[in-house]
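Below, each structure is written out as structure tokens.
Below, chain A partners chain B and then partners chain C, in two separate complexes.
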Partner chain A sequence: MTPTTRTRWAIFSLTGPAYLWLACTIFLPLLAMLALSFLDKSPLVPKPPEFTLGNYGAFFAKDFYWSLTRWSVELGLWVTFFCLLIGYPAAYALAKRIKGRWREAIFLLIVLPFWSNALVRIFSWTMVLRSNGIVDLTVQSFFPGAPAFDLLFSYPAVIIGLVHSYLPYMILTCYIALQAIDDSLVEAGRSLGATSFTTFRRVVLPLSLPGIVSGSALIFVPVIGSFMEPRILGGTKGATLGMNIEEQFTVTANWPLGAALSFILLAIVLVIFGIIYPFLRRQGGNA
Partner chain B sequence: MTGKTNYRRFAPVTRRRFVAGASTLGLAAGLGVGPFIRRASANTEVKVLNWQGYGTDEPWALEAFKAATGLDVVHDYYNSESEMITKLQTNPGTYDVIVTNSAWNGRASELGVIQPIDSSLISNFADLNPSFRDSAVLSADGKLYGVSWVWGMTAIAYSTDVFKEAPTSVEILWDPSLAKRVCVRDDAIEAVSFAAIATGQDMNHPADHDKIKEKLLALKPNLATMWSSEDDWNKQFQAKAFDVSIYWSGSAFRSKNTFNLPVGYFVPTEGAIGWFDGLAIGTDAPNAEGAHKFIDYMVSQEFYSKWAEVGPPASANNKAMEGLPDSDPSKAFYLDQENVKRLQFMAPLSDKERQDFSDIWAEVKTEFAK
Partner chain C sequence: MRRFLDGGIRLYLVLVLIFLYLPILVMALFAFNRSPLYGLPFEFDLVWFEALAGNKRLLQAGWNSVWIALANTVIATTLGTMAAVAFGRYTFRGKTLMQALLFPPIAIPWLVIGTAMLVFFFWVGRSVGAPGMARGLHAILLGHVALSLPYVIFVVGARLNDYPKALEEAAATLGATPWQVFRRVSVPILAPGVVAAALFAFAVSFDQFVISYFLAPPGVTTLPVEIYTSIRKGFTPEINAISTIIIAVSMGLMLVVARFYRFGGERSGNE
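Up next, the complex of A and B:
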């Protein structure tokens, strides 16, 4: 055996199981769903299904699907924006300002919500946000007669719940990126006369961009498919494509349509990332 | 109805149930579960197919039935009506008694998976409420395919704190004085059914879909929120999130009796949604004689009087309902034939109707969110 074949064998045998695992757990189920999205009836029906493009046609035939899609994407952008707004400074403080035990303690506080069930977290928010809820009662006890605080079943409530759920992703990814930046780079910038803002803009921000991008992707993708938070916190004001997809599977039992809508959502995500990706690469190249 | 029963029957499928259902379906479709099920030995067993924990598998009942007839009752369960049909199709000649919803009995007889029942073998048959017993959905070609067992309704609950007198009309949901005080369940079929009732149409097969959409859109200013489960309803009602709501009868009595909430309940003069479950016998049932005996026991007053302790749906047996203690407020309500007469009963929907209703509701909800 020549060294090259041996190397090839090593690569194959070492990475093979991982790819096999990926194929079985991600690729095959996705493929099954893709096939399902082209059938005219769900496997629940005892009659044999036939090929159709109707499920994809349904998306374009009805205006409300488009509204739902637009809202889902907007929701994803808002939540990602607020996570970045809160998460990045928090990660910066953790990576560059806070040291030692405090850092561990604060990390624990950030990760703590992850240990509880998502449904429990969201239901806890309903108790906080509703009128006669925790915030409302507290405000009323200090300022009797203050206007009632009732955010439950509103768009802001959905954003609050989702930002709370996904914020740790942003903090953790940005923290890792910021942590890796050598402090001497910042010092070099300062010693060459740059203001601290310029150093941040020209040195720290570009270097931490990969963290921001991966954090945003980790948040944006699940949020535009979210259905549980909009339903519980948004009431009639929460409407997303994810909720409609869930209903196609659980209520209408129209799995093919649900699958088709899922793939449309996936395509939208891919298109968005396709647009952003070259831009990010250029940014990374400049840095 | 018990809380569990409600979840099983009507609540939007929980994620766990969805997963369980999906995997069961996969198994049933791929392999056929028949080979794994112990075949009933013909004359000493009755094989029952039902939701789990829904009356037929009460241990005390099975003991009493065995003492009376010497027959053992064996259970198999389904998690959705379509799973029931799949099980009957893939395992012919396995099941004796099957619990079928009124909207599904016709589908089962059409597919030939259940067989005609000899009502002369059911001694309690004469006591059954004719509204259910003689319903067209339980028979086909003049033959009886299901014995009515239990029933309930979806009508309107209101806060007795707010309303000193019970409302009478379904229009209360659209009353301009109730801005942001109305709640409905997030369910396409229920919403469309009520809009059909309010616009004077056949609830199951409404002719004018645009009218329904318009009526539902008109609900927007009044709608406070939507509910998803009985527990959710109770919490929101307690927090005074709404004054009037479309609600299930069994749940309304539980909210009132068990949770002491100020809940009133009425059937609008225009109508409301009724549902009932029947007991059917599988085609080529291994023990058809035992199946008749078991059905007879299930519709008996003897069985219902004990089952009533856990808060089941109303019995289709009038005698059994009359046997309830007067302290139970559901007794007078369910026995009020005026209420029963106003109901429209859920009938099987075609896939197209199901999809149309779902589309209407999705579109209306999108408008609600604007």
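Up next, the complex of A and C:
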């Protein structure tokens, strides 16, 4: 064998197994699902299916799906907003104000929970938010006779649970972006007469934008596809597109409709990536 | 003013940490509380852990999760490391495209991937005359490996960003056999990245719920699927007990990962 054929063989045999695996479990299934979304019968039905656009038609014809989608997108925006509101200052404090061993310890404490089971963490909120839960008991002990505090099965409960789940992502990405900013840039701004706030707005914030954008993407995408969290914390309130897709596959067994809704979800995700990609590209050089 | 500000910053970080840990601590607390209705005052008891020891369904689900996570770790780490080595060592046409193909498994919501797997596996199963083949522990394993592969390739690849090909060539020039080069040069360079990737792969699989949920046939479950089913049926502190164990295991694992692979602390040199 000549060296080039040998190299080619090496590359082929090293990458082949992993990509064959990905093809069979990710890419072919996505193609299969795309095909299914244009069929009129579920493969569970023995009759041969026919081509139809009806599954996508159902989405655009019924207000019901439209309101599900709107709530999913709103939920994604709220969760991303609160994660940014809470996470950015924490990342800033960690990257610029805390030094040494404390920084490492707090950093580890922040990333630690997101390696514990997401389902279990969502479940843990039911114990805090329900009536007679921890929040309720605390309120009652300070203000005896106050009305019962029961947040479980409400919109805020879903948002709180999801913010808790995804906050570490935002802190992580913002921290990485903020840490890469050279402190001398801030000092230069200050010595040229800018106030702390102006320096922050004109120097630190633009330079940390890639962290904010990638954190937001990491949060928004899974949140608009979420179904387990809204089901446990929201109950029947605030049904999401994700919950409906789950039902199409597990309860009503209308797989073609579920497939079409999945691809609509995927289209929303792609649009979001399309919007933020230029930001990441333009600012990405120093991230 | 400055001291006051620093105090405020510390207080803020403490509040964030309380937000992150409060529900987890509350949940663990109730695992050790006697009342089956989550009643207070707190009475220490191990009754829920004892009940767990006799809960065959939950234990079986736990074993399934552990075995799948272990098999996933071995397969994903092996295949992923091979691909990462190819990317590190060679420049070739299509490499950028191949690396870009690693993003969809991460960026597409699991709900979409999980249902797509169900559809595809069902079709494949039916065309070979065994539609029941679509779901089961083997299908769950197939899915978990697919999700873990990109992470493994990224984690090992980060370590190999500038693969020291020169070292291997030097060893070969000095008369080392290919096996010696592999054993004495390549393995020590790869080892820390591979260990971190393996722990990552284990965690990805052990915590995975969505994919497993769609690929689990009735009666066969993994731990997260079983917990989800129990929560929806109305929960008992037994779920707190098993959840507490899971959290302790995953956090312990993460602390080990942190030793091998420092996520944020790497730049501590410039302080």
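Quick notes
Here is the rule we use: the second predicted complex is superposed on the first by the 244 of 287 C-alpha atoms of A that agree within 3 Å, B and C clash if a C-alpha of one lies under 4 Å from a C-alpha of the other, contacts with A are read in each partner's own complex, and residues count from 1 in each chain.
As a working rule, a contact is a pair of C-beta atoms (placed from the backbone, for glycine too) under 8 Å apart; a residue touches a chain by one contact, two chains touch by 3 or more.
What you are looking at is a predicted structure, and each value in this text was computed from that prediction instead of being measured.
Here chain B and chain C are compared by how many residues of chain A each touches, and C touches more. Once the two complexes are overlaid on the shared chain, A:249 sits against chain B and chain C alike. Using the contact criterion defined above for the overlaid structures, shared-chain residue A:194 touches neither chain B nor chain C, since it reaches no partner. By the document's definition of touching, of the two partners only chain B reaches A:67; chain C does not.
In the overlay built on the shared chain, the residue A:237 is in contact with chain B alone; chain C does not reach it.
Within the superposed three-chain model, A:266 lies in touch with chain C and out of touch with chain B [touch as defined at top].
Within the superposed three-chain model, A:276 lies out of touch with both chain B and chain C [touch as defined at top].
Once chain A of one complex is fitted onto chain A of the other, the partner contacts of A:43 extend to both chain B and chain C. Overlap of the chain B and chain C interfaces on chain A comprises residues 43, 132, 231, 249-250. For chain A in complex with chain C, the touching residues are 7-8, 10-11, 13-15, 17-19, 21-22, 24-30, 32-33, 36, 43, 86, 89-90, 93-94, 97-100, 103-104, 106-113, 115-121, 123-128, 132-134, 137, 164, 167-168, 171-172, 175-176, 179, 221-222, 224-228, 231-232, 242, 245-246, 249-250, 255, 258-259, 262-263, 265-266, 269, 273. Residues 41, 43-46, 62-64, 67-68, 71, 130-132, 153, 231, 234-239, 244, 247-254, 257 of chain A are the ones touching chain B in the complex. If you check the complex, the residues on chain C that touch chain A are 6, 9-10, 12-13, 16-17, 19-24, 26-27, 30, 38, 40, 79-80, 82-83, 85-87, 90, 92, 98, 101-102, 104-105, 107-113, 115-123, 126, 142-143, 145-146, 149, 153, 203, 206-207, 209-210, 213-214, 224, 227-228, 231-232, 235, 239-240, 243, 246-247, 250-251, 253-255, 257-258, 263-265, 267-268, 271. On the chain B side of its complex with chain A, the touching residues are 12-13, 18, 25, 29, 82, 85-86, 89, 111, 186-188, 223-226, 228, 239-241, 351, 354-355, 358-359, 362-363, 365-370.
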